[in-house]
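Both of the next two complexes hold chain A, though its partner changes from chain B to chain C.
Take a look at the complex of A and B:
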């Protein structure tokens, strides 16, 4: 009976994921342009959360954050979905020609970097590093005789320190490859940091949500630490977003504003405002009071809200490349989201149960 | 790990409250001759600066070699350099206070004082740079009969607000943090000193009620000061990034400058703290433990600089923008290649040495590295400012600027001005926070072993 209950969430997630996969596969055949763009948005949101969780584990290893010890297993299980994201990325590959204009422009100025072969090679390198670090940190944490809830060992700390620069660079170039190169003539030095900020915030939110809903509700210390970190990274995300927007707006160079023009006009502009309020102002106000941080009941809805916002953020990064005129909500968006969230949810809950 | 940390803070923990007060108040006694020599040296440098400034006021900025296209050079470079130095102080005193980092207690007073004096130094430079120094108040938006207002969309005006806010808040924070310590000194000294410290302690008696209000207020001040760590240097970075000059117009500039500011600030903390701790015989209070943690902060921010440089070079190539590419090519391979390489070596590369614990806890190596950091961070701003202005969109008008005697004179003067204030402060006020170090001392217990793990 207990066993059956343990596997139930895995089955629920798997059902969602399977339904989403069926829809998406239908989409890949019938409406590939939309299907791959929807897939990329959901994939970018999901993989950035898994990476954020991995970076969170590495950072807390190094800072020696004791409050994080009981939550580490959750973060490690989220980071443990990185092999799944490598599989989900494979489904994206047939769509590279449809998603990225550079795939058909061999004479572009950055063709030495943006070409299908090098794109795939880089992705292999990114995933190899992420999976190696993620699985090793997880295995070492579980291998401790005392369990993952105790402070990390010396070798875990050493790996975390060495891995962080590699994670930072691979994450940045992945952001350039998968998202920024949707508009190949546009570039922004802060773009990798922007994607990191959103993903790390969402990873914190997911850890807080899973922790709050888990069997052991967050105590005051942990809740406060998570709430304060969420608050910090809500502000950090907004700061990075503002830095990019301000510099491009005030410079007003045609090649640079070309990326923003579709994203801040019409219904995309409305979505940008939703992000401004939903991923910055509202959570900022919600998380400011001490009471909001220390109670699981307050923290959980804010965290869930922030996860939705992170998906919308990635949606706002990707979909204007396909529909520059206005938001075209599509059933394939939901299909891809269900596929990514469902399979990742199943994978993480399976890791958690074993 | 916990045991390792504990052993590293042991030197402070074993002392009694009385010993802490005695050791820190001792630093305010009659100083040795070496101290007077240092003050004299600082004042001498300041005099060089004053003389140079007088000549500039009389003759104008021609002495500084300003010529189109390079109209910003050493003064703006040094302005950014000193503003940057200040950031480590606020980070350590405010942000680490909110994070409850135990290692900040012994070092934060030094860094706070450094912050205030560094910002005081930085604030002089825009005034020196504007040429007609006697109408510097035109920078401020005030109602006037000409109905003239500064351009509110200009980051140069935001700078005026950012820097003056920063100076106000960091000064308040320093003075406020000093109150209980000044009261402790008041109770140890006699005569006219007692009167002065008594006035400065604002009637502090250390009652429960005073402490309750004080701790609350300190928390709020820390929370108010925290955004300034990000905002001030972001605004400084936008002085450059908001234009479209190649090499300036980078979206990453704000976080890149903030990281650089903290990096340079911690570098200056090392430069000041390592000799000071020996001179004031505070080796048992400021230990390996503190230097190790400060070094990790340096490593982190130095690595962020490494990342930012990499992004700039990569994206300038990726963008296909010829002018950006030219600027970034000329930095390491142009006429002033030496400054480009100084910047990369001292910041991106030297900081990576701090991966090794042996280097992090060796004061000689740290001191040498800190000098590299100071030089590297000055050159970073010099490279960003001058190399970018040298090669903008009109190749016909490209030009190179080399610093002149007046630049060096003002630069020397700024070190003298900063050094003078810092030295005077170090012998007039407790340079280590007495009250906070005392809080690190465990409560006396009848049977300390009975509690085992605590």
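Take a look at the complex of A and C:
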């Protein structure tokens, strides 16, 4: 009976993921442009959360955050989905030609960097580093006598120190490759930090949500630490988003504003405002009071809300490349989201149960 | 017997102090004050200080700072002195944000600083407890518990007995006035 209950969440997530996969595969055949763009948005949101969880583990290893010890297993299980994201990335590869204009511009100035072969080689390097670090940190944490709830060992801290710069660089280049190059003539050096800020915030939110809904509710100290970090990264995300926007807005050069023009007009502009309020002002006000940070019951809904916002943020990054005129909500958006969230949820809950 | 503002008990450890606070509160004392060399975990909750109004004041100060900061830029750039800067709109919202942010922080920080001074009745150069011989150990290695004479239950002999029962190093009266 207990065993059956343990696997139930895995089966539920798997059912969602399978339904999403079926829809997406139908989409890849019937409406590939839409299907691959929807897939990229969901994939970018999901993989950034897994990376954020991995960076969270590495950072707390190094700062010696003891409050994080009981939550580390959750973050390690989220980071443990990185091999799955490598598989999900494979499904994106047939769509490279449809998603990225540079795939058909072998003579463009940046073709030495942006070409399909090098794109794949770089992705292999990113995933190799992420998976190696994620799985090793997880195995070493579980190898400790009573599991992941003890402070990290010396070798774990050493690996975290070596890995963090590599994670920062690969995450930045992955953001350039997968998201920024949707508009190949446009560049923003802060773009990788923007994607990191959103992913790290969402990873914190997912850890807080899983912790709050888990068998042991968050105590006051743990809740406060998570709530304060969520508040910090809500502000950090807004700060990075604003920095990029201000510099480009005030420069007002055609080549630089090209990326923003479709994203701040019409219904895309409305979505940008949803993000401004939903991922900054509302959570900022919700997380300011001390009482909101120390209570699981207050943190859980804010965390769930922030996860939705992170998906919308990635949607806003990707989909205007396909529909520059306006938001065209499509059933394939939901299909891709279900496929990514379902398979990743199944993967993480399976890791958690074993 | 000399008039006093209350009684002061000196303890050797934080645990003894917390136990003393708990015991006196169970007797019904409410005008308790503690002096410790470092923040003792859980003591604030034991003292039942109630909710501080400071966070709300600081928040209000931040909001007022934001409105003033944004307002002065709007007044200067949109009403008082229209300046065409490369064809950008006079009401340049993104450009107004940094100064608005700074004004928010300034408003919140100044409010917090001033409100805290008022709430703590600072600056005060003298306090009756300073007259107690050896009280400076409160910032070194001793833990002091004061019962105010304004406490409903305060009775010089009875309160002294209650404090003595807690096992302090000593109990001394807080003098009313400097001679």
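Please note the rule applied: the second predicted complex is superposed on the first by the 354 of 354 C-alpha atoms of A that agree within 3 Å, B and C clash if a C-alpha of one lies under 4 Å from a C-alpha of the other, contacts with A are read in each partner's own complex, and residues count from 1 in each chain.
Basically, contacts are C-beta pairs under 8 Å (C-beta built on N, C-alpha and C of every residue); 3 or more make two chains touch, one makes a residue touch a chain.
No experiment lies behind these values; they were computed from the predicted model shown.
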Give one of first, second, both or neither to describe whether A:86 is in contact with chain B, with chain C, with both, or with none.
-> neither
Once the structures are superposed on A, label A:103 by its partner contacts, choosing first (chain B), second (chain C), both or neither.
-> neither
Going by the touch definition up top, name the partner, chain B or chain C, that contacts more of chain A.
-> B
Does the superposition put A:353 against chain B (first), chain C (second), both, or neither?
-> neither
Which of chain B and chain C A:243 touches, first, second, both or neither | first
Please indicate which partner A:166 is in contact with in the superposed arrangement: first for chain B, second for chain C, both, or neither.
-> neither
Determine, under the contact definition given at the top, whether A:284 touches first (chain B), second (chain C), both, or neither.
-> neither
Interface residues of chain A shared by chain B and chain C, listed 246, 250
The answer for chain C against chain A in the complex is residues 55, 59, 86-88, 94-95, 97-98
Flag every residue of chain A that touches chain C in the complex, lowest number first.
-> 242, 245-246, 249-250, 252, 288-290
Per the touch rule, the chain B residues reaching chain A in their complex are 1-2, 5, 153, 230, 234, 238, 241-244, 249-255, 303, 307-308, 310-312, 315, 317-321, 355
Chain B partner, complex, touching residues on chain A are 64, 108-110, 113, 151, 161, 165, 168-169, 172, 176, 185, 187-193, 239-240, 243-244, 246-248, 250-251, 253, 255
